[in-house]
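Chain nomenclature is as follows: A, B and C, assigned in order of appearance, with residue numbering initiated at 1 for each chain independently.
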């Protein structure tokens, strides 16, 4: 009679980071961080508890949303859309010199470094910070908003365009040059087609992003619906605020749907 | 583990699996099965052959209702599978082990977790989340791993295995359920000829060891003839042949496969163990 | 071959676009030009401003130099708080995004109605900017980091859940089928058959969002939701430009560091 082999009756998953010790350390570090951060934040638990009934109170006040001041609302929305549109166009125009300066295969080194530095700096700054600066320079209102978004768009589009220029395939360019074409013709026939395919999609994407951002920068006075929203919150006009929020959601969702549709058609 | 009411010599006390008038019409109008009838009364290997589109895959999936039959009755032992509620169906599925053509292992999990997933139906949600399975299940898993020739692979990620190894894990997973019936859907279609024979041999050995019937979809006629006790031929959703492999003549095969050249299904088996 | 037949086979004029396409292209150009004109004209721009704009800008830059490093110790704690807000907010969003993703994925949601709710929650979360969420939560919880954490979480939940839901919809059906065939419960099928497949997307997206959230958290202080934003806003309003530069540089550093960390981790995952 054969003796039945004895098999283990427990099994554990092999630890995630190589050894069990490292996994324990990782988990302890994560838990430790959570505990530390929460305590470091000076959370006033009494205020959090008080927050829940206040949240309910606010939500009750928000319904039904008050569309009575719809003219104010629509004006703000239109202003936001106009800012976004204009800023995208201006941004496209401004992005070209930035891109040319930031393309390693085109620009001389110091110019390239300066342009890349500008791009890094511009990208890290949140558009609200940029908005504050433009408000300080040009006063309250949509002009500051337009410039903010145009600046941000130019930086973003410039970076994309610079990457496309750097990735351009040399073969077709050489081939067109070899036929004896001039510089302008070479650009139009060999570089622009390569770059254009992604360019339109990126521009539409940026337009959609600008619509989103245009709703926010009003909070610091740069025009658009953000200003109306901020005012309504500070006046405790929660039902009007709800109306504005719903409109923002609708606008942004619409913009995104439109952007997806266009980019799908382009493919 | 108790064997079903079957004496080792094959005499049956009750029907293990019974299919009555099984029909499946897809919403597109495609009639995949047209009144399939057969019973399995002993623990045998039943190979289901037929050209592509004959309904083999639909038949297998109707039995555990991964595909809902349009009409007909499916009985597993005493249980009428076609009449079960969702909850009862889940309980019934635990009695049916399924092996897939594409192996269908959870790629990012280890071999052991894939084996244990065969027991998910018997373990609570939170226990399974914590990977806490009963000791008996774990030791069965180790035993099965050794039996299919993969001892030591329990901590290997499934996507690090070869095709043949993955199918072995798939077989072991199905057997972890200690099922009353094995449903096997084209187990060798994604494997090379040599591995295919090894896998078919393994399935046959394991089913026989445990006195369990197995319904095996197979496209390769030669494999069916070598490893099955009984062959059912499907043609256009109907049973066109039901008998021992020896009775498969060239005429019957041509009838089953119709225009398709069934000799093409026999891949050059480079012979061996 | 006759001259006419030759002309038909080898026409003298080649057009890249058919007449119809040309008309459509012109219509688009006209539409864009119109939109441009409308938007710029309606904005009531004082062109006089731009005359000395570059002078003003240069003046501003001069006033920022040199940076007032003595301000740095003041903002160290707010900087750390900014990172806390970003991290905690992302972590909370991660927890909630998993059930929301299953709700919003066609193959795992209960019925059309629950799917619509899931999608609606996604859209609401993603359409409202973090800062606006901040406004709302400051109204609820009062000024402070709690409002900031909630704002970050509220915005990120939709971002994460949308991408994970897409991954769930594209999950390999075979693996799901196999787990279903063993008689496992629905929750178990999700946890064992689907979740392992979408893990890489989930983790990668979370790290990516965390990096974006560090940037967003730096301005939440403008609406009173904690972090470095408050000090930046105050410094600007006081025209303390040299302090402003210090804060901007500090923000630059933490954003760049978080981007680098995020890129590193995401590289290790794939």
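By our rule, a contact is a pair of C-beta atoms (placed from the backbone, for glycine too) under 8 Å apart; a residue touches a chain by one contact, two chains touch by 3 or more.
It should be emphasised that the depicted structure is a prediction, and the values quoted were computed from it without experimental measurement.
**Q** Determine the shortest chain-contact distance, in steps, between subunit B and subunit C.
**A** When the steps are counted carefully, the minimum from subunit B to subunit C is 1.
**Q** Measuring from CA centroids, which chain ends up nearest the centre of the complete protein set?
**A** Most central by this criterion: C.
**Q** Round to the nearest whole Å and give the separation of the Cα centres of subunit B and subunit C.
**A** Distance between chain centres, rounded to whole Å: 48 Å.
**Q** How many Å are there between the centre of subunit A and the centre of subunit B, using C-alpha atoms for each centre?
**A** 52
**Q** Between subunit A and subunit C, tell me the centre distance in angstrom, where each centre is the average of that chain's C-alpha atoms.
**A** Here the centre of subunit C sits 5 Å away from the centre of subunit A.
**Q** Among the residues of subunit B, pick out those that touch two or more other chains and give their numbers.
**A** Within subunit B, residues 113 contact more than one other chain.
**Q** Across the complex, what residues on subunit C touch subunit B?
**A** Per the touch definition, subunit C meets subunit B at residues 172, 174-175, 177-185, 187-188, 191-193, 196-197, 199.
**Q** Using the touch rule from the top, collect the residues of subunit B that touch subunit C in their complex.
**A** For this pair, the touching residues of subunit B are 64, 66, 90-98, 100, 102, 104-109, 113, 117-121, 125, 128-129, 170, 173, 177, 183.
**Q** Of all residues in subunit A, which touch subunit C in the complex?
**A** Per the stated touch rule, the residues are 33-34, 37-38, 40-44, 47-48, 51, 54-55, 58, 78-79, 81-83, 85-86, 89, 120-121, 124-126, 128-129, 132-133, 136-138, 142-143, 146, 212-213, 215-216, 219-220, 226, 229-230, 233, 238, 245, 248-249, 251-253, 256.
**Q** Spell out the part of subunit C that touches subunit A in their complex, as residue ranges.
**A** Listed in rising order, the residues are 32, 35-36, 38-40, 42-46, 49, 53, 56-57, 60, 80-81, 84-85, 87-88, 91, 123-124, 126-129, 131-132, 135-136, 139-142, 144-146, 149, 215-216, 218-219, 222-223, 226, 232-233, 236, 248, 251-252, 255-256.
**Q** Which residues of subunit A touch subunit B in the complex?
**A** Touch residues, subunit A against subunit B: 5-14.
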